[in-house]
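Dropping the structures in below, format is structure tokens.
The same chain A turns up in both complexes below, where it pairs with chain B and then with chain C.
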Partner chain A sequence: MSIQFNNETFRDDYSFHNSEWAIKRFPFPFHEDSYMYSMNAEQHQGGPDGSVYEKRFDVDEHYVSEMQDRAKVLADDPLRCQSLPHMTLAGWDLLELIMVSKSEDYPDLFELHRDGNQWRWVNKPLGIDDPFTFLDDTTLPYGPMEYITRQTQGDFALLDQREENLWMDAGMITTQADWSLDFDIGMNFFEWHAPVPKANEMGIFKRALKYLINIPQGSPGRRLNWTMTVNPLLDTSPENYHKWGIQKTTLTPENIGAKQHLRVELQTFFRLPRSNALAFPIRCYLCSFQDLTTMPKWGRRLHRVIRDLPDELATYKGFIDNRPMMLDYLSKFDDGLPTSPGIFPEPETEPPLKT
Partner chain B sequence: MSKFEFPPSIGSRPIWGTLEPRTGASHLFIADAHGAEAIIDVATPELMETGHIIFISRGTDYADKLRALAPAQFYEGPSYDASLPRIKRVLSDAKMGLQVYLSGTEGLMGQATNEATSAGVPPAAIQTDHRGSTARRMQCVHCKGFTEDVETDPFVCSHCGLNLFVRDHYSRRLAAYQGVCVDAEDPGNVPAQKGIYE
Partner chain C sequence: MSAPQKTKSGPAQIDVTVSAVVPVTEFVTRFEFTRRDGTEFPPFSGGAHTVVAMQDGTRTRLNPYSLMSDPADLSTYAISVRREDDGRGGSVFMHSQVKQGDAMTLTNPVNLFSLDLRAKKHIFFAGGIGITPFLAMIGQLELTNGNWELHYASRTPENAAYADVLLAKFPTKVHVYYSSANERIPLADVLDGQPLGTQAYACGPERLIDGVRDTAIGLGWPDSNVHSEEFLAPAAGAPFEVRLCKSDKTITVGEHESLLEALEREGVDAPFLCRGGACGQCETDVVSGAGELIHCDHWLEEEEHASGKKIMPCVSRFVGELLEIDR
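After this line comes the complex of A and B, so read on.
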């Protein structure tokens, strides 16, 4: 299997698109017809063939273009990648985890050759072939976290663990759902989650932290989170909100199917061996409403979830003003038939839309 | 002047305390404006024997009252920025057993806390007491500039000129709240200004 990488943009002319393969494997985040925050974590030990859960770090058709977009974001604003001084070892841990995983999971795309601390990393899609000395910062063009995350889809937070808490002390954050690493760096788990409505009162963050600080090496976990984005814009940062916020007002009943995207984050958690830090990759997947609704189960369910979502969540996620237009569009894909449990689209068994 | 009761807020914003006399090898007080009242409330002859008061008067006339407490050292400065080199110098001598007392505005307490901890003062040896103005030190998330003493929501960023909405999300590292463009989705439609706690 070799992946055909798209040549596409996540800004300006927005030529981003999903192939049929990408639509079918899209991580639809709703396992039932309603949604509320919950401690929805499970083991990250593979998944169905071809699904985004199969590999430790999923590589898909958007890889090369996403890395080009990240390079542009960083050129405009270097503060999107920061690491406090005590986090360098965790950066090396992360580099090792990604290089080992990708070279084992995608041997046709990535190679890692190791002779003691003399390493050579080959990244064929990006045309990189770098010899370097493991744990020697002077032998790479960037710090270890920045080096490897410029070559890996998804945002990355590195959490230092101390005082029974997690501290966001390093990160590469360029595809975020409207939060700022530069503002949040150095905060603990409860501080950076402070703006989230309801979840704290529901006791979710207490349970989530307990689960995270007990994740052992070799037993990674995962969960899905989601929001809404108008246009396939990866960099929905607060830093640039004064530039992209206006795009939310460009939806019309005619263009909403193409412009409105469900934005899903596959969040994974890995304990790192030397630093005991926690790596938190946040991988963003985008899918337009018109592509999602090609799967009858997803069309039915998305309509019901968005219709019944509490206002507080729709406000926090930033789409309360557009919700009525979304529902007008989505209602056409909901014929009232029941949906099967689970997130997978089941196109072979789910009944087609009644017209 | 009575103390302002901050309404309940989100988990990132700090909770200020009330100064209490502690035993310690020496005592450093840093206050601005009405923060002087907290020093007057807590002062004892023992504390003042090894006490150093750094007071940023900001137009108030507490200086004489503070001097009358007879601290071992007293300094009056016009602004936090002007007194910062002195604060750093004093903290560079910080020894085991130093007690730090911060009082006045949130901006002063937040910034001085960072100076003290980065000089190695353990957080447990730092006390705070909010007095006087409830104005906030704000960081513009867009241009990263800080605007001091913000009393209204929204306000205009003193660096880039955007109209910013005052969030409760607070960074201890920056000693600031976050300001975010208020009219991004409807340029020019800026809500009427009101007091932050109105």
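After this line comes the complex of A and C, so read on.
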């Protein structure tokens, strides 16, 4: 399959758009008509053909434009990419994992040629053809983590594992849902999760940490998380809150369908073999309400989930003020019919919206 | 979340051929493996272990061994096994039955004893066969000019596996002590006055590990800078009956068998990684039990041991009428 890469922006004129193909494969995060936190993790060993779960690192029509947006964010704020000195080996681990995975999963787009430690990496969509020496930092234009994550969609946190805890010791974070690598760097798992409401009382973090610490080599895991974003912004960072936070007040009943986006993170977890660190890719997918509601099942379900979500979660996710307007819009897509279980849209079998 | 997948709970497996069986000392033999599909092994980090599956008649033995080969050479994995004549039989099986050319199965590497890569310096304390993880750690550190030293205690020069190779290669970094010559590792001398940011690692008999930890703490080392690996072999004990709620079965755990092994024998899918009470993967809820749980793991907290609600089936046992667990 060859991918047509979009020419689009995630800022200024917001020309970002999803094709019909991208809408259909959007990772809708609600498997039932209600939502509460859970450690909803499963193995990341493929998925249905064409779905975002199929490949180890999904590449889609937004690849080239997302990489251009990342380069702009880094040019304005180099601290979005940081790696403490002991994390260089983990960076090489990540580079190897991504290069091997992408060249195997997308041979028409990426090539990796290896002769001992003499490697050559070909990235056709970005026009890159670089020979380098594996594990020799001086042979790449950036550190290994920065080099490969400037060419891979999604944010990346590299977590060092020691003292039965995980430590946020390196990362490339430019498409985040309102958290800051510069603030969190060096923190442990409990420290960086401290702002999340309710979950601590539910004992979720202790269980989640045990799960993550035990992710074995060769058996990656994945889960979904979600929030809401007004305008298709990848960079919703605390550093730039003054630029994007205000945009939440620009919603109107007329523009909400186009402007309000459901933001879904496909989080995956890989044990890195040479460093024993954990790679935590966080891939962001955006879909506007008007595109989501083209799938009758998703329209019905999104209305019910947003309507019934506890206030603390709507506040934490930053849309409590806009919730009434969202519900006015979404209620038009909820005719009360039951929805089938699971996250997939089932457009062939789900009944059309009763009008 | 998406398509449900049914996979077995243990780590991924690698089919291998025994490529060499090399006697190292009277009691220690090295086993080298190549992949049966001809590809390279997965990279691994120093301190990682693999679980070796041994087909001993109808019984499958699963024993963890530290990978001791050079992490830079992925054509081969190697382990060194000390023959324990009074053990549970796995090491004797390896020594007496396993031959060059045999087909076996290993698991992907799992590391519960990894280097702290922040360290300015690494000090290794090995007792006897506890040398094995350090061989791979040294290989890893040598690739990056890491700063390390090794203190290795053995009974006699003849018993000190790999001491000759290490001394020849790293004469200023390796120190060997023979109890037959009344030599002991001078723990206090070694641990005192080390630069800030030094990490210490101990592997071997319990008294060596306790000695390193107690001496270091006494000298003001942070507890988190002292690392140890002690694999527990499951202890033998009186047979006991277990009711498996989910599987709707009642099974008997034999005298020389762990609860985890009994579950596997009965075809019940049970998760595991280390099989030595350290990793927490096999943690299982106890539904009821008229009797006493014999906890042998390093994983559960004291309160959890006392609660009677959790058991680690890889090493822990039960004495009493009937144990009921959530498997």
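Keep this in mind: the second predicted complex is superposed on the first by the 355 of 355 C-alpha atoms of A that agree within 3 Å, B and C clash if a C-alpha of one lies under 4 Å from a C-alpha of the other, contacts with A are read in each partner's own complex, and residues count from 1 in each chain.
Rule of thumb we're sticking to: a residue touches a chain if its C-beta (ideal position, glycine included) is under 8 Å from a C-beta of that chain, and two chains touch if they have at least 3 such contacts.
This structure is a prediction, so every number in the text was calculated from the model and none was measured.
When both complexes are overlaid on chain A, the residue A:Tyr241 reaches chain B alone and has no touch with chain C. In the superposition on chain A, contact is made by A:Phe183 with chain B only, not with chain C. In the superposition on chain A, A:Glu8 makes contact with neither chain B nor chain C. Contact with chain C, but none with chain B, is seen for A:Gly218 once the two complexes are overlaid on the shared chain.
Chain A is touched at more residues by one of its partners, and among chain B and chain C that partner is C. In the superposed pair of complexes, A:Arg274 makes contact with chain C only, with no contact to chain B. In the superposed model, A:Glu163 lies in contact with chain C only, and not with chain B. In the superposed model, A:Lys210 makes contact with chain C only, not with chain B. Contacts of chain A with chain B, set against its contacts with chain C after fitting on chain A, share not one residue. Listing the residues of chain B that touch chain A in their complex gives 10-13, 139, 141-142, 144, 162, 167-169, 171-174, 178, 180-181, 184-187.
Remark: chain A residues 79, 180, 182-187, 190-195, 200, 238-246, 248-249, 321 touch chain B in the complex.
Within the complex formed with chain C, the chain A residues making contact are 31, 40, 42-43, 45, 47-48, 51, 53, 84-87, 89, 93, 96, 135, 160-163, 210, 213-214, 216-219, 222-224, 273-276, 343-344. Within the complex, the chain C residues that touch chain A are 1-5, 7, 11-12, 42-45, 47-48, 71, 108-111, 114-118, 140, 143-144, 224, 273, 279-281.
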